[in-house]
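Take a look at these structures.
Below, chain A partners chain B and then partners chain C, in two separate complexes.
On to the complex of A and B.
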């Protein structure tokens, strides 16, 4: 029975750095995504009528539309950010369905790193669109007394992003593992289908929420 | 019954209570969100895409409280700092 909740086994040592299973899984997912993206780019350039090119165009267009609905205008950088987040998390979650693979997002360290990226992107996007003073000013609005609440809300939503993704993916994987140990063949299949759905939904939620946070920072000075 | 046994019993009972009570709140909240979304969809079918998006986001936000409870329960069971040889 391969149940793992908080641990992360070390596969081998690379000099002083221990290489854990999660690092290998996420690196493999990243390499696959990069290879597919580079191949798609050359395919779209050389053969735009091919159905794969149309599919790639549809994916990019849907992220652009999503960002336009949330932020209020087309924003290529935010769309890239949201799309990368969605694809990486979704592929990590789907990779967890392969036998023997533990999903990289089922580890609190990975999800904390992703949430930290969102946490750092929010002030960067806000300062880029409103200037340093315009962004800092929104912390003191509507009243300077509310400044601690703004800071607490930024910290707590980062924590919630990390723990939500981790909890969902880890609990889904744990449930499938328990069912395999208890009942074995074919019984866990519906739960695995549910796990797949939840994985895609959580990837969508993560990218939507990060877009909402970044969009709020971008429009912080416009009122 | 030594101290470790008592701590283990209390931790197990607390883990069960955490998940049970946490699930009640999330279930009530999600049912209200679902009902409100159905209502909004029946009134404004044209806004279906934006209602569905908001529905999923709010369902996930409410669901995350239950997930937090689950994580706390799993910490109590598998990574309890007060039980000597627990954790991995």
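On to the complex of A and C.
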């Protein structure tokens, strides 16, 4: 078990660019995820009754309904964003259960990058939905004096997104690693199952919060 | 270049690329498949609803046709029952009529048989009565009876008109006495000249006179025969006058 809290080993250099272990893990997870997605797509077309097709229908329909409940209407782009976020984080967290694999979401840079993407997506969705002034206007509501608080709120929730996911995944992975080191292979199994559950839960929370933030930005002008 | 910054940028770019590719490769096709399936289900539902409506319409038509047929059937049944009732009444009337005719015929036959028996009885009674009267007259017989019968014949001859009495034939079973002969000739008047007096058997006492105006039988045989005929005639007259009422009462 590769135990670390901060820091990311550089596996090799690609010119001036260092390739870290987290980058490789993320890339592998991405490839696997894409392969599974392609498999599901072909199954959906050729064999809709297959359980993977049903799972694909379930995932897509669930996120479409989730976005509809939060935003108030169906929004394919937001649903795709939230679904991709959930799948990526969930696959990264599941990958962390494999021996010798450090989860990409156990790295603060990864969670910060995902939080930053959400942070940037919020104004983009808001401006796309309400226009530039329609989106900026909501920073001055109910009082223009509260604009700094709005900005601080957005920054802090982005930071919270990143740190929450990082803290949960890193702590779970660390706990399992310590138990494996101290008590052998079978004792940490319940903790590993719990860690797996927490990983899926955190993926769901991250994608839900992302949807809520983006949905709030989309419906900001309507308020 | 800092590894942390590199990782940060890579992860951000990696996720954006992943989201774009997933949206293109996974979410969009699956969403389209879902929409197709939903549309297919809705189409199937519409078709099912349409077929259900058609089935209900057909069912309604069948029910209407059935009701119409039932009404026609009831009407035909009523009509046939009425016809059958009329036929039954007709047959009953005919049967009653035939029974009445049969009964009438039976009554007539019975009456005929009764009449025949009555006639036989009358003839037997008449024969018995004639025999009794004949025996009585023969027991009474003698000159006095002979004289009385001749006097009776004379009386009847006198009551006849004198014209067309001849020819006269006077028959008796025994020769007439001169007085009796004279009385007869006197009663005959002019016709006595051509009268034929003869003696025949079977008459008994008395005489039988045949004239142009008719037969005057004042003999015991004639009286017996007259009594017999009178009795038969009287019984027939009485039977004919009473039988219809009796038949009606029997009926």
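As a working rule, the second predicted complex is superposed on the first by the 218 of 223 C-alpha atoms of A that agree within 3 Å, B and C clash if a C-alpha of one lies under 4 Å from a C-alpha of the other, contacts with A are read in each partner's own complex, and residues count from 1 in each chain.
In the analysis below, a contact is a pair of C-beta atoms (placed from the backbone, for glycine too) under 8 Å apart; a residue touches a chain by one contact, two chains touch by 3 or more.
It should be emphasised that the depicted structure is a prediction, and the values quoted were computed from it without experimental measurement.
Asker: Specify the outcome, clash or fit, for chain B and chain C once both structures are aligned onto chain A.
Answerer: fit
Asker: Just chain B (first), just chain C (second), both, or neither: which does A:166 touch?
Answerer: first
Asker: What is the value, to the nearest 10 degrees, of the angle subtended at the Cα centroid of chain A by the Cα centroids of chain B and chain C?
Answerer: 110
Asker: Between chain C and chain B, which one touches more residues of chain A when both complexes sit on the common chain A?
Answerer: For chain A, the partner with the higher number of touched residues is C.
Asker: So, does A:69 touch the first partner chain B, the second partner chain C, both, or neither?
Answerer: first
Asker: Would you check which partner chain A:195 touches, where first means chain B only, second means chain C only, and both and neither mean what they say?
Answerer: Neither partner.
Asker: Between chain B (first) and chain C (second), which, if any, makes contact with A:205: first, second, both or neither?
Answerer: The first partner, chain B, only.
Asker: Considering the aligned complexes, could you tell me the closest Cα pair distance between chain B and chain C in angstrom?
Answerer: So the smallest C-alpha gap separating chain B from chain C comes to 13 Å.
Asker: Under the contact definition given at the top, report the residues of chain A touching chain B in one complex and chain C in the other.
Answerer: none
Asker: Quick check on the complex: what are the chain A residues that touch chain C?
Answerer: Interface residues on the chain A side: 8, 10, 16-20, 22-23, 26-27, 30, 33-34, 37-38, 40-41, 44-45, 48, 56-57, 59-61, 64, 76-77, 79-81, 83-85, 87-88, 104, 107, 109-110, 112-114, 116-117.
Asker: Under the stated contact criterion, what part of chain B meets chain A in this complex?
Answerer: 50, 53, 56-57, 60, 63-64, 67-68, 70-71, 74-75, 78-79, 87-88
Asker: Show which residues of chain C lie in contact with chain A when the two form their complex.
Answerer: It is residues 1, 3-12, 14-19, 21-23, 25-31, 33-34, 37 of chain C that touch chain A.
Asker: Could you pull out which chain A residues touch chain B in their complex?
Answerer: 4-7, 69, 160, 163-164, 166-168, 170-171, 174, 201-202, 204-205, 208-209, 212
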